[in-house]
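Two complexes, one shared chain (chain A), two partners (chain B, chain C).
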Partner chain A sequence: MIWSPSSGSIELLTAGGWGSAMLVGLARSLTIALGAFALGLVIGIAGALGKLSGGAVARQALDLYTTVVRSVPELVLILIVYFAGADLINGILTALGQAKIDFNGAIAGIVVLGVVQGAYSTEVIRGAILSVPLGQIEAAQAFGMSSWLTLRRITLPAMLPFALPGLSNLWLIAMKDTALLAVLGFGELTQVTRQAAGTTKAYFTFFFAAGCMYLLATMVSNLLSRRLEAWATKGVAHV
Partner chain B sequence: MSSPLEAPARARRRWLDAGTLTPVIAALLFGAYAALQMRWDWLGNYYPLLLRGLGMTVLLVIVTSSLGMLLAIPIGLVQVVGPKWLALPARAFCTVIRGTPLLLQLWLLYYGLGSLFPQFPWIRDSALWPILRQAWPYAFVGLTLSYAAYEGEVFRGAFKGVPKGQLDAARAYGMSGLLTFRRIWLPQAFKRAMPTLAGETILQLKATPLVATITVIDVYSVAAQVRQQTYLTYEPLLLISAIYILMAVAITKVFARLSGQGQDNTAFRKS
Partner chain C sequence: MEMLHADGIRKTFGNLEVLRGVSLTANKGDVISLIGGSGSGKSTFLRCLNCLEHPTGGEIRVDGDAIAFRPDGHGNMEPASKTQMRRIRARLAMVFQSFNLWSHMTLLENVIEAPVHVLGVDRKQAVDEGLRLLQRVGLYDKRNTYPAFLSGGQQQRGAIARALAVQPLAMLFDEPTSALDPELVGEVLKVIRELAEEGRTMILVTHEMSFARDVSNQVLFLHGGLVEDAGPPAEVFGNPKSERLARFLGSFH
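After this line comes the complex of A and B, so read on.
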């Protein structure tokens, strides 16, 4: 039996308030993940459109963005975006004559992870848009739709079945990447767990419990994304 | 390969292309800014440590990817043909590793298991104890298991994807099960898994800085140390970013040569 430093493993979680603190941490992790995923989606759609129909300069700039983000470790990127973002915002605030702010909390986490997610979303959505049969877009233009209307009514809905597997994978990554924010000291699940483990010295119990929480969140997400894919591919012929 | 005669013409055309010119100008401007405005004098003091860290990072990538792949093949295989008592644990292993953050896995191994080990006298008295007290075994084990789980999933699909006719044909030739596996099934599954290997290995490279959080000295931990000791924020981070990009390019090149075809570096990420 590897896991019984004391009989009180469960008590540690229920008493002392660490269990509920971890649940709050999980909620914060999921909030940050959701925000980062949404921001990444916005960046991804804009980035994909820029790569597919932007000018040469925009395309190269976007290529640089996706290549760099996909070959530099997330941990390093998170630090760079975090420090650069804080400097930038405080620089603007100082220029405007405002007081500096403490760049911290959920918003910072969302921005930092969203910029990373955006690069991957760009590639997923670009691939999905390329999978939409050209005839559908040409038909929309023949109907006299503006390019914005074509995007909203044809391209985005039609690319959805192709993008969903990649996007659900990205959502899982967003959830797991929130753990990296613990290195910056954000109070999400992994950071709370580290505090709990450090205080009680029951390292195995708490890291194990946190692992179970992440795993549960992943499995629920898998279930939902499978439903979503089934719904989105309703009208698509399976080859 | 293009002939030497047409190469300069093509190169000139590419240089004139505004799209190619933009990143070159951006890189030059950024390089000039970095050289003139940023401080690099710390490099003199820290380069031996940086090289040591770099060595650890390279070692981690090579060793854990190789071992992880050796593990991934049986993990993928038993999920396709194995008996239930082997297939289910393999499947659970992949799900658990892929469903939780690698950072947490490393902390569970190093701080969790590491804090349990001393309670067992037979571990404390064993010859392995001096090794188990250090951080690097946990880093190597954690990263190996991670690679094995992600690539095991790939190999499951690869083994499944080999057409049944191929295996039937091998059997019709009178090959034994083992010979069929060695000559037909494994090589074809490997070919199917090959395109993912470069991407997975780049992901492995990107996962290595996490070992710094369990006190292993890799190239990232040196950059973090420089940041703490010199109060320079961007210089060390930008330097190691460039190092990681170069290593990712090298990995892409190595695998492209191994597979004998051009590869993109599209990768599904893990963390």
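After this line comes the complex of A and C, so read on.
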């Protein structure tokens, strides 16, 4: 079907509930992206600290993790983590005599994407921590701060201006990567769009609408991340 | 009253023996200047006092509290109790050559950070005290400014206010004016001089010989990892016992 900017396409979106289904899909995409980004941040902070001050074994394991994630295509990784992870967990559950669990939930999507995000976050945060002048961390120690307090009060907030550009980028990638989950059927935006388009045969209308939704989400994100950056860099002299 | 006592501090980096047994006792109100050539171990000694550097050997006592050490697995000693170390560090304020103010905090936030988060002082009380200290070092107007927007002299005075905020038993200065433009040195020395005059206990690593002569009551000349000459400034500067010290002092004229 050839798309024309007629009232027909609007009708297609409003009638038959496809439009609202897509909004639900969008919400699901954003939830998964947000969760994956947050999980990635946690993994990233831990990974960066492990790489910077962990033992030899931890450092090698983390190097392997970031190298693998960065070299294998995301889609392949997602399939590996999803199926291997599900097999592993269900294998353990079966061994323990427990019932298998269904992984078709947002949680699975979050974990799968979060593991991928974590590798990139690790590198972004590691670089940012290295940009914090060592003297500031020494000053924290010299004033009697514990390692945890130093991390929370000094290292993490001081590295934020250096990490934010990379992290904003990762957030955009997280949002777009949720589309890859369509192959697994998480009910996110791209999968819903494919269903809608397949059923109505109005491919262009629905994929165009989906594209607009992703674009809108990105634009809002950019607005927010610019604000966040302005706030985080208030201590940075712009000369 | 003894505030800080270090006995036979040794420190090696790999094969490099930087300190070979340096001792020092600071009683309340003492201002002790450490002088010596570049690489003589002045900074290393100062950093051993609050264990930023793990000493290889020796004893350290702060206000009667002897730091308990254990081997750190790299041939040096580390504090056996982190709690004790933190307690001691919190009261041995350090002022660095490169200021090291925390860049994501305003001046006032820098000053109240350790009191609030390390010593557990009530925030409002810490703010009142912090403002008073900033007033004292002439930076009240800059209280809400971030360090990057301050001159070196202002940053260092801010760092001194941050050090004063923990009500230190002793203050450790590592060349506090070496990173400053010449025209900014005076404002920082003025603050340090006032602290000396009000009876603060201070250990001061410095290349400002005339200042050391003016403010200190004890001068230690480090060379080759040992205290080569020590005594009241009039003696050390006026009548150096060691040939090397005489030559070292001569290089400043």
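Assorted remarks:
As a working rule, the second predicted complex is superposed on the first by the 232 of 239 C-alpha atoms of A that agree within 3 Å, B and C clash if a C-alpha of one lies under 4 Å from a C-alpha of the other, contacts with A are read in each partner's own complex, and residues count from 1 in each chain.
Assume contacts are C-beta pairs under 8 Å (C-beta built on N, C-alpha and C of every residue); 3 or more make two chains touch, one makes a residue touch a chain.
Computed from a predicted model, the values in this text were never measured in an experiment.
Residue contacts after overlaying the shared chain place A:207 against chain B, while chain C stays out of touching range.
When the two complexes are overlaid on their common chain A, residue A:61 makes contact with chain B while staying clear of chain C. Of the two partner chains placed by the overlay, neither chain B nor chain C lies in contact with A:131.
In the overlay built on the shared chain, the residue A:158 is in contact with chain C alone; chain B does not reach it. Annotation for chain A, partner touching more residues between chain B and chain C: B. Looking at the shared chain after the overlay, A:83 reaches chain B, while chain C stays out of its contact range. Contacts of A:176 after superposition on the shared chain: chain B is touched, whereas chain C is not. Per the touch definition, chain C reaches chain A in the complex via residues 50, 52, 82, 85-94, 96, 98-106, 113-114, 117-118, 146-149, 162, 166. Those residues of chain B lying in contact with chain A across their complex are 17-20, 22-23, 26, 95-96, 98-105, 107-108, 111-116, 119, 202, 205-210, 213, 220, 223, 233-234, 237-238, 240-241, 244-245, 248-249, 265-271.
Residues 2-3, 5, 56-57, 59-61, 63-64, 67-68, 70-77, 79-80, 83-84, 120, 123, 166, 169, 172-173, 176-180, 182-183, 190, 193-194, 197, 201, 203-204, 207-208, 210-211, 214-215, 218-219 of chain A are the ones touching chain B in the complex. For chain A in complex with chain C, the touching residues are 133, 135-136, 138-146, 149, 153-154, 157-158, 160-161, 232, 234-237.
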